[in-house]
Amino acid sequence: MTAQPPFERLPPGDDLGLGLRSGGRRWMNPDGSINVRRAGLPWFRPYELYHRLITMGGARFLALLLLGYLLANLLFAGVYLAVGMEHFLRPGGSGFADRFLDAFFFSAQTLTTVGYGHISPQSHLASAVAALESLLGLLSFALATGLLYGRFSRPHAQIRFSSHAVVAPYRGGTGFMFRFVNKRSNQLIEVEAAVVLSRLDPQTGARRFHTLALERNRINLFPANWTVVHPIDDASPLAGLDAAALRQINPEFIVLVKAFDDTFSQTIYQRTSYTAEDVVWGASFAPMTRTAADGALELEIGLVDGLILPG
Amino acid sequence: MTAQPPFERLPPGDDLGLGLRSGGRRWMNPDGSINVRRAGLPWFRPYELYHRLITMGGARFLALLLLGYLLANLLFAGVYLAVGMEHFLRPGGSGFADRFLDAFFFSAQTLTTVGYGHISPQSHLASAVAALESLLGLLSFALATGLLYGRFSRPHAQIRFSSHAVVAPYRGGTGFMFRFVNKRSNQLIEVEAAVVLSRLDPQTGARRFHTLALERNRINLFPANWTVVHPIDDASPLAGLDAAALRQINPEFIVLVKAFDDTFSQTIYQRTSYTAEDVVWGASFAPMTRTAADGALELEIGLVDGLILPG
Amino acid sequence: MTAQPPFERLPPGDDLGLGLRSGGRRWMNPDGSINVRRAGLPWFRPYELYHRLITMGGARFLALLLLGYLLANLLFAGVYLAVGMEHFLRPGGSGFADRFLDAFFFSAQTLTTVGYGHISPQSHLASAVAALESLLGLLSFALATGLLYGRFSRPHAQIRFSSHAVVAPYRGGTGFMFRFVNKRSNQLIEVEAAVVLSRLDPQTGARRFHTLALERNRINLFPANWTVVHPIDDASPLAGLDAAALRQINPEFIVLVKAFDDTFSQTIYQRTSYTAEDVVWGASFAPMTRTAADGALELEIGLVDGLILPG
Amino acid sequence: MTAQPPFERLPPGDDLGLGLRSGGRRWMNPDGSINVRRAGLPWFRPYELYHRLITMGGARFLALLLLGYLLANLLFAGVYLAVGMEHFLRPGGSGFADRFLDAFFFSAQTLTTVGYGHISPQSHLASAVAALESLLGLLSFALATGLLYGRFSRPHAQIRFSSHAVVAPYRGGTGFMFRFVNKRSNQLIEVEAAVVLSRLDPQTGARRFHTLALERNRINLFPANWTVVHPIDDASPLAGLDAAALRQINPEFIVLVKAFDDTFSQTIYQRTSYTAEDVVWGASFAPMTRTAADGALELEIGLVDGLILPG
């Protein structure tokens, strides 16, 4: 790049694109989602639909598939009834229920291309609809194949953050700390953390942002939990603040974590944020690891929130 | 690398590979495509065909699938007719229409492997053609599966640039500005922007290139719109130019944006360019965000082009 | 980032997240897995199941597929028997064996959607179960498709480390060395190595960590084997140690290798570790390359462990 | 990393892992493959098989698919004949040809799961074999689906290097130059080039390596061809050499190119090498671009080898 212009240039880390924030509400939610609503998006957004389908719970996904299968068959059953079941070779009786169910199951046999043949189209019209349905069936299952693969191969969140941060003694001084753990058993590599404090400026009433210096911002392997520490020294924007003073500046600690999942060879990002309410003063984190009976080291995931309260 | 040779070495950013540009026409189009036509490419380019198939509109893609299905069945119907429908067990009559339609629908039932069996090959010759068709059918649907998956999992453009750039007051000085917004609701991370000015050198009549210094060239999160600012200071190649003088140098502002889409764990690149005609002097960008009735922050995508004109 | 805080900040490489280590046992196994057991994980972990399925041996994977196919058919055969085989058009006799096998094979013909039709559901109840099974069948094979693709396209270990490290004369001084080879014939690019020594501090009894300086920590191409060398100079934590003294500090040499596999366009990571027992003093590595009869250079993968013992 | 050890550390670029080279033969071939043969690999290497299947020509791949289909059906036809065709309901006569062909086509109808049913297994034994075959069929087509997708989505070479390098006047001095072009119409971004010279040291008879300083080693966009220039200044290992002297040192210019293909969001690498025989002295490269009749800029791929010979 060319020589620096005579304008202030914030260190990259300092701009999280948080120029805006409405009222008192937090800017980022604990789950990492951001409180900015998008308006004017087209109502049909295939990529987001795809994303929702590969991220939704497995049970819900399966239910959707079943529902889709049911609806498609109902739809085509209707069409076949409209065409008239006399266009079909079929075993069933002539009552509506029989006609409907034969139509429905013929549709199912066509959509899945199982095509036993004991029910089969006799007229060209019926054949034409069936030809269309079998095509649709194959495409739907092609789509389902992609979705199922996408569900497993996509990068997926696997970090669990402690629900609270603490301000506690640290190496003679004090530190702002939180921790997180890999809640899955595959390894994360080259884990990086960054913390940005968004605070109210009492004078101007405007928000200011500070990247908090961390005792360490990167680890190569992440076998257990990592407690991220911001040492509160004189250089820290938290210097000299107590619980009350911290609430005063209505802070939001925005946490960004980046890691490489070598199981899927993908870079994953996760975010969270802590507000004054999420900070426990004087507490420290309870150990998450123990030596098991067989001498092996054991990490108890559920203890990530464990705090040892003062006094 | 070894010691610098005593040759001028342009900063990487300064070479966009735009050594060439024909006449007055712009080098890059607003959509980021480049006005260089390739000659001597082989007429059949599978990768580009694949690329076109996964990038074309959904409706067009579906239409193509249907057409392909229709043509394949017409083709095989022709073959079956040539073989002779007397080689088949079939319900239909002996007229041509009947024979043709039976052939057509038998083909459809074979291609999709639904195979009801009420029409089925009786001779070995007919069976041989059908065996080939069913193989072709499975391969086609294997291909379709890949295409459908490719369509959703591919990296896809999601940035919308403002149609115009502005030159407007900025922090006491003046700035060249444009903005862009993520037109989808998933998050982009680590967004980087670079702007290169390609201009005519009045003396030599040759083109010269300048990387424009930006007030900021990277943001970590991109929840709303980002207005990229090149402060026009004394170091800027735009220093002292007015609208007329700018047109004189026939400029092209080439914009490169790089971002990481953590939904798909992919790096995406987008480009655009602005010419003198695209620059509005003295205008400023209208805000795109508002606080909704429920107090939530709302971003109106459609307003990205919104300008507040001077006077 | 902001100015350094007045706290010690370890160089990133120095923290491998090995704060913990239980008793005398090694922290990382030769295969790169880490001796930390996770507790409190949910019993059903789809991603890990997926991962196990795409990483397990091919034979075992195939066996699992066959078993799953068998079980699914047994299950549905049971359902069809419960429904009653009189609901089916079928060739077989009325004995249990016949009824069961007809049910079993009808299930197979439905699950795979081959649906010959010589056995077919006559009642709506039977049709309903069959409709469900054919759906299940298609989804299972969609899953299998994803798994098979995942098995081949996933990043996969291809580096083989020497089983032993050596301490041997090197360029007038002494060096700690080990080597590794790409056990596949596709190229690895931009291969990087890092070695961290975890040792016991005799005074404090605590563990200390040192990133070992390497004669070279990166190569662009990796056509043959790479012998990684840590020169034992005065700056080295191994300075002045002999075999006995090394055992004293109960060392663990943790090796991290990163490479880019341009066949699959993926970054791969591999790890291993050596303990005092794995170090052979005074030995040197036997050459792995020879010039074949036809003058071509030949690399014998199996020789990676080859040592030339002293004396 | 820790403080530098008092050992020489080559700049990364200088080690391409070319420690070895047999006799006079070139180390890298023009297509980028390396002249090191691997011995002791297992005879069955699924990943390489997969890689060969996704990289082989389309025609060959299709032929292989057809062959596999034919063989699978022949195999199963044999099994069905062994079982005995009297176990099947079938239209054909009792001669061997009829029995064989019915078996063959029944196999095809089962493998593709088309299952018309006019030929169908009557005995449980026949049904058992058919159940196995239909499973095998579905798995094979699952595999084919993955292969077809892999063939299109894999990173693929798209750079074509000039067959010759030239040494020619350059900016008052002399330069070693070669060029390359993107032979596809999709854009490559952030293209980087590195050139390492491997030469014979007349004194020691050993090989030495030099990273050649380039006038430019990176371009952001790559719309046309890029001529890479190593200015031969006093710092250059080529300083003062003429054609004869160059042949003397038996040089190999190893070229590494790295680029990002934003169509597939993948980093691609390509390599080539030039020997003394590939260097044309005093020649210059013929232009590859022209302004077409309609004023558009046109790039003629085929001209990448075009030289303007001296005199």
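By written order: A, B, C and D. Residues from 1 in each chain.
Note that a contact is a pair of C-beta atoms (placed from the backbone, for glycine too) under 8 Å apart; a residue touches a chain by one contact, two chains touch by 3 or more.
Bear in mind that the values here come from a model prediction, so they are computed numbers and not experimental data.
For the pair chain B and chain D, the fraction of shared interface numbers is less than half, so the two copies use mostly different residues to meet. Averaging C-alpha coordinates per chain places the centre of chain B 26 Å away from that of chain D.
Inter-chain spacing, taken between the CA centroids of chain A and chain D, is 37 Å. Among the residues of chain D, those in touch with two or more other chains are 13, 109, 113-117, 145, 149. Because contacts link each chain to all the remaining chains, their graph is best described as complete. Contact residues of chain B toward chain A in the complex are 11, 13, 58, 65-66, 69, 73, 91-92, 98, 101, 105, 108-109, 112-118, 141, 144-145, 148-149, 152-153, 156, 158, 171, 183-187, 189, 191, 210-213, 215-224, 226, 231, 233, 235-236, 260, 262-265, 289, 291-292, 295-303. Only residues 1-7, 9-10, 12-13, 15-23, 25, 34-41, 45-48, 50-51, 89, 109-110, 113-117, 120-122, 124, 127-128, 130-131, 134-135, 137-139, 142-143, 145-146, 149-150, 154-155, 194, 196, 256, 266-269, 271 of chain B touch chain D when the two sit together in their complex. Residues 113, 115-117, 145 of chain D are the ones touching chain A in the complex.
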